[in-house]
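Pasting a structure here, questions to come.
Letters are used for the chains, namely A, B, C, D and E, taken in the order the chains are written, and counting of residues starts over at 1 for each.
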Amino acid sequence: MTQHATTGAGRLYGYAASGLAALIFVAFAAMAPGVVGGQPVLADWPWAPSLNILLAFMVDGLSLIFGLLISGIGSLIFLYATGYMGDHPRFGRFVLFLFAFMISMLGLVMARDLITLFLFWELTSITSYLLIGFDHDNPRARRNALQAMLITAGGGLALLAGFILMGTAAGGYDLAHILAGQGLQEHPLYGPILVLVLLGAFTKSAQFPFHAWLPNAMAAPTPVSAFLHSATMVKAGVYLLARLHPTLGGTPSWTVTLTAAGAVTAVLASVLAMRQGDLKQALAYTTLMALGMITMLLAGSHPYALTAAVTFLIVHSLYKASLFMVVGAIDHGTGTREVAQLRGLGRAMPVTAVAAFLACASMAGLPPMIGWIGKELIYAGGATMTGAPLVLAAAVAANALVFAVAGVVALRPFLGAPVRTPYPAHEAPWQMLAGPIILAACGLVAGVLAQPLLGAAIGSTLTGSLLQDRAAGLHLWAGFNAAFVLSILTFTLGVMLYVMRDRFATLVDPVLRRLPSLDNGWDQLLDALRDLAAWQTRVLQTGRLTGYMLAVFAVTALALGATILHGRPVIMPELPRSAFLWLTVGFTAAGAVVALNTHSRIAAIAGIGTVGIGVAVIFIFAGAPDVATTQLMVETLSAVMFAIAALRLPGLVERRSRQRQLAHGAVALAVGLCVTVMVLSVTASPLDRTITQYFEENSYVLAHGLNIVNVVLVDFRAFDTFGELIVVLLASFGAYAVLKRKGRAGA
Amino acid sequence: MNSLILSVGARFLTALFLLFSLFVLLRGHNSPGGGFIGGLIGAAGFVLYSFAAGVDAARRAVRVDPRAIGVWGMALAIIAGLASALASLDPFTGLWLILADLALSTVLVFDIGVYLAVFGAILTLVFALEETL
Amino acid sequence: MSWVLALPIMIPFVTAVLAFLLRRSRMGDLASVGGSAASLVVAVVLIAEVLDQGVIAGQIGGWQAPFGITLVADHLSAAMVLITAIIGLSVAVWSLAEIGPTSARFGYHALFQSLLGGVTGAFLTGDLFNLYVWFEVLLISSFGLLVIGGRKYAIDGAVKYVTLNLIATVLFLAGAGLLYGATGTLNMADLRGAVAASPDQGLMTLIAMMLMVAFGMKAAVFPLFFWLPASYHTPHYAVSAVFAGLLTKVGVYALLRVFTLIFVGDVGYTHEILLWVSLLTMLTGVLGAAAQSDFRKILSFHIISQIGYMVLGLALMTPLAVMGAVFYLLHHIIVKTNLFLIAGVSQRLTGSSDLYAIGGLYRTAPLLAALFIIPAFSLAGFPPLSGFWAKFVIVRASLDLGEWLVAGVALLVGLLTIFSMTKIWAEAFWKAHPEGRQPALADLPRSARWQMMVPIIALAVMTVVIGAFPSAFLEFATKGAEQLLDPAAYVAAVLGEARR
Amino acid sequence: MTPTAFMQTSVTLALIMVGLAIFIGFIRLARGPSLADRVVALDMMTTAVIVVCGLYAVRTDAEAFLDIAVALALVSFLSVVALARYAERLGRRNDRDD
Amino acid sequence: METLVACLSGFLVATSIWLMLSGNLMRFLFGLLLLSNGVNLAILAAGRLTPGAPPLLGVKGELPADTMANALPQALLLTAIVIGFGLFAFALALTIQAYRTFGHLEVDRMRIAEPAEERE
């Protein structure tokens, strides 16, 4: 990486952000006693009172757990990032985005108003877009950032609709109010609300079938993955499910949907995780598995299931953040993340190895790690759920697979004889080691001291946020029960899978290959969208002016014609007897006919001139000398200008095919007919002449003029005339510019 | 165009046009006419002149850039519209000064503005068209 | 009273005269900026008056309505005037950096100011025929501005723009004339009563449709929008910015005004049509954008799609929906103008507007990148930017009515908007410049940098402020919508107790 | 038949005849075939309109229509001059009009 | 009388549309002129046709004995005619410039601003 002048400053930003995050962590910790004691912290400001929207926040048990995880892991991540990429030329920008992301995430978990929540939800989408695409010179990164953005933002829009409906159903957007109410399970809008909210949550938490974006999001720098895909971004969806569990949960549709989506995601993801050659990809898929597991547990309504969900969430955040950082350290130290190229790193990277072992032990669910308690609880909770056998089977399968993956990640790279790597393997700097070690150690400490450390927080989450009457206890030894048996089964299966992973590969690979790839489907979807767009543009925006005009006139004819049929205006035709008028109308129309098809420019001009003269005669006939004079003057000047212009213009040729002519003629006649009908209908009833009468009476008295038309023009309606003179003047300006400005190149 | 009658007559005709246009302008408030028609007729005079003597000669005869004439007309119309502020009346209210038989008013100023704007605009147009060969 | 209404219209024309007379010196440019600043001051006074007194009306020439021409300002009009002044000043300043002495000598500033005058006149007039006149003023100014750069493709764009818009204005003229013939009045407040009292309601609907086509064309709704994408990418950037902000909005304003004040007799028919039109407008606009690869063309198509939202608000005709339309109108002017200005800076820095031929702005022009994010994401409807509230209100209004399809389309279009905005972002900002250029703001001359960036920053700040502190703006829009849906105050202000 | 009635009838008859004249002039204008034919026909029609103005002034007893006649008489030949110029230049360029 | 003018107005509108659609810019201009005339006639007819007395008052401002023609639509028409002329003049200039730019007046072949799609 190239050295940059601002390197020192960049690192400083990293440390500062880490410190700030640590302060936030402390602040949350300080809030903990009160919150655990059942006193959530509340704050709100009016935001859009006319829409009944608050900028409202609340810290209860659930928010507290998330807040601690986000700020705590965040602090370590900033430290890690400083070691990992502190000399990147745009590291300052990186820290800024990551910090903005952290704040958005904290806002999300503390929001008490649905719209406030949505605000931060979307902010996480934007900031994660910028972070995933941080390596913006790489087209792959840009593509994957877009994918993440579109899927999560699309879900976000569904969520918005869901929230709006919830607001309507519950009579407000204030969560405190909604959760205190009856729950919306019986409300007629429940169905749509559920579908829309789940769409939002599933896309954000990458549940099947929206999971494709998450592994692709690994294009981001590793600190981003470690943060976004362990404790934060992807957890937003599960957070939302947990948060809304009391008001939306518990119905059959909730249970079935969550169980199915969670189970499929968990199993599929863990199978896929087994098959990844890239360590980071493998971790990404196990993240999916964890999200699936939590979603599945949130389908339940029993305290055991929910305790398991919350506990497993903590478990996963701790080990996954740690492991991502470990992988980053390996990448940093050796130049590769390919499992196949990594052996025997334990000697060169001892601290990393320790962190990896500890984290993987938690991931595998080995005692006395917190992961063991989490797994036990999953089985205990799963047993309470509807469809328990299926749930348990899925859980065992997923856990066993993850056990094997843990082996691949933690054992293989560090054990055995060292092999050649792109760089000679070396330990990472301290900034990059602090995070993994601390978090992995937390997994151990939390396991040993589970109940004293976490019991109260989880308890208050269950009773305060999820409105259960109690929580399950967190014990390393819960007795020789069904859960224990299943754990043993899991280990056995896991070991078998690890040992026979090549056999397993030959077994599943053909199946996996045949599965439709959602990622390819994504590209096809976008291509289809582009094709549709291109097709539409070809059809509508053809670049051919006659097509545009035909559309405009056809729409006019259609709009007027349909309305005539719809409203049936009254018409009373009545033919005049004046022979002179007939003659005038006759030659006017004939003049138009001459202009219609002639190839001679002069004949066309003369024809138009005839029409002008005819119209002027009608004006005379109607007692409008001013108008007639103006008409004749304008007609003369138009003819003069045309005559000047015609010298520079080519002759006229009719190029339309017979068919076109017919179509154009039909549209033209239709519009003309509509105009005639309108005029006839207007003249069918008498005119209210109040205004004219006023003009006639006051034109001399008040405006000192005998020519009423002129008085109207310069006095009664002088403002029209003012605009009109500007139009004429500006027309000449425009024409002058168009004719005189020498054409510049450029196309 | 080399028609003797036209080139000889054009000077007189242009003067006649101008005179007639002023006449139409000034009496417009009471009989058919007014700024528009006056402006059109006045401009027609110079159009004829340009036919007879060429655009350059016509431009010289007008002396000022026709666009500027038009803008001054617009300025006059604006002044006429805003003048009523002095009498704290609504905008575009006519102010009348009637001396015996002669009526002077902002309304007339406004009409003169219209005249000049139309006059300038048409000459701008026709001259620009003529010059694009 | 009437002066505060007339001055916002008159000042731009005075400025136009001054700017033209001073066109050969730098003073012309300064006159334009000064005049725009004066307009802004007057617009602020106007809106203060309106906030203070409700709907205000003034009679031109002192002729009592409905005999003379009335100027009226309610919340909507006053806000539109203010925003026009803001856009006017921003673009006038921005123009200093783009418009060269040649365009100035051909009367750029005069045309530009007249455009603003015409737009303001259209917002303030209470007379249908006078509205037509202001439409023409802004139209002819826009013709001039479109071609003043003298580029070849501008001629092509102008041919399409001019021909199609001429058709629209003739339709408007015919509609106004026929409506006069049917009711005997042109005053819009008076027309409300006259149209309602007309014995031939079928005819009223028919004239309403004629005006709908005319205004719909101005507003660029489906399927009458062709002129917009054909021309908006061809003139000076300053010109397309002010077009993008204001021109179509005049059409939307006219629709809003006429179809809440005058033609409410057959809402089941007219507004149902508007509803379908709005949906198709949203969809076709956003899909059109997805097919483009030119910065300004993408933005042009998005104008169409966003117009759909505003028309949708009108079509739904509930207080909340109309409020959404009003809010959308105001927010969109700021955002869209800003995006075109940013496109202008981008073109200046990277040398093209073809997204496949440019890039690298993110790395070397981070300020511009940050400033693009704000309006772009506001357009896409992300909180806490102004566009979020606009979209929120419209979607909520349609959901409240149980219009699932409408809400779905509105949301889908939001998603596709994100798609286009991120496309611009990825191609122009993230991607490296294909020719390896390193476009940076420092490349601009010092003065141009200020002239271009200050308006962009100001507009971006407005977007953020409206989004972050929406309550005052929402309440304002609510009040505006109330006035639209119940025009009693409007009618009373115009006509007094005298007539009808 | 009173003199007024006689006057009215004659004016109406005259109007119809002028109308016919315009129509006949129009036929020349439409058929051409030469450019000069058309230009002259147009001029003739304009002149006929001047007559219409006069007759109409007599019929309605409103002198306002005479003003149109005067103005038109003054300006009408402008278009003829312009068209003639056009014809002349076209001839010089050997450009056929159709 | 209105009926006949209404028919003429509709006829002029129809012919103008046919001309406008022809794809030739000069014909579009012819169409534009006819369209203005047609619409002006429609406005005149909508304001009712009163054969005879022009809206002029007597020397002392007295109203004439028989009803006068409606002054308001006449004023509107005057405005409309002049505006129409301005628009026409601009369109004419644009046509000349388009011819100088493209060498022809076929609008469908003016494809600089919206070139035919190449990537397909």
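Basically, a residue touches a chain if its C-beta (ideal position, glycine included) is under 8 Å from a C-beta of that chain, and two chains touch if they have at least 3 such contacts.
The chain list, named the UniProt way, goes like this: A = Na(+)/H(+) antiporter subunit A; B = Na(+)/H(+) antiporter subunit B; C, D, E = Cation:proton antiporter.
These figures come from a predicted structure and were not determined experimentally.
Separation of subunit B from subunit D (Cation:proton antiporter) in touch steps, taking the shortest path, is 1. Shared contact partners of subunit A and subunit B comprise C, D, E.
Across the two interfaces under comparison, C-E and A-C, the one joined by more C-beta contacts turns out to be A-C. Compare each chain's C-alpha centroid with the centroid of every protein C-alpha atom shown, and the nearest one belongs to C. Rounded to a whole number, the gap between the C-alpha centres of subunit B and subunit C (Cation:proton antiporter) is 36 angstrom.
With each centre defined as the average position of its C-alpha atoms, the distance from subunit A to subunit E (Cation:proton antiporter) rounds to 49 Å. Centroids built from CA atoms put subunit E (Cation:proton antiporter) at 24 Å from subunit B. Shown for subunit E (Cation:proton antiporter) are the residues that touch two or more other chains, namely 20, 39, 42, 45-48, 52-54, 56, 72, 76, 78-79, 82-83, 86-87, 89-90, 92-94, 96-97, 100-101, 107, 110-114. Counting partners per residue, subunit C (Cation:proton antiporter) has 13, 60-61, 107, 110, 129, 133, 136, 140, 143-144, 147, 152-153, 155, 158-160, 163, 167, 174, 178, 181-182, 229-230 as the residues that reach two or more other chains. Contact with two or more other chains is made by residues 534, 537, 541, 543, 545, 549, 553, 601, 621, 623, 625-626, 629-630, 633-634, 636-637, 640-641, 644-648, 652, 675, 678-679, 682-683, 687, 689, 691, 695, 706-707, 709, 713, 715-721, 724, 726-728, 730-736, 738-740, 743, 747 of subunit A. Pairwise chain contacts present here: A-B, A-C, A-D, A-E, B-C, B-D, B-E, C-E, D-E [touch as defined].
Remark: subunit B residues 30-32, 36, 118, 121, 125, 128-129, 132 touch subunit E (Cation:proton antiporter) in the complex.
The touching residues of subunit B, counted against subunit C (Cation:proton antiporter) in their complex, run 67-68, 71, 74-75, 78, 81-82, 84-85, 89-94. Residues 60, 62, 64-65 of subunit D (Cation:proton antiporter) touch subunit E (Cation:proton antiporter) in their complex. Across the complex, subunit A is touched by residues 1-24, 26-27, 29-30, 33-34, 37-42, 44-61, 63, 68-72, 74-79, 81-90, 92-97, 99-101, 104-108, 110-117, 120 of subunit E (Cation:proton antiporter).
Remark: subunit A residues 534, 537-538, 541, 543-547, 549-550, 553, 573-576, 578, 581-582, 585, 588-589, 592-593, 595-596, 601, 604, 608, 611-612, 615, 618-619, 621-627, 630-631, 634, 637-638, 641-642, 645-646, 648-650, 652-656, 664-665, 667-669, 671-680, 682-683, 687, 689, 691-692, 695-697, 699-701, 706-709, 712-713, 716-717, 720-721, 724, 727-728, 730-732, 734-736, 738-739, 743, 747 touch subunit E (Cation:proton antiporter) in the complex.
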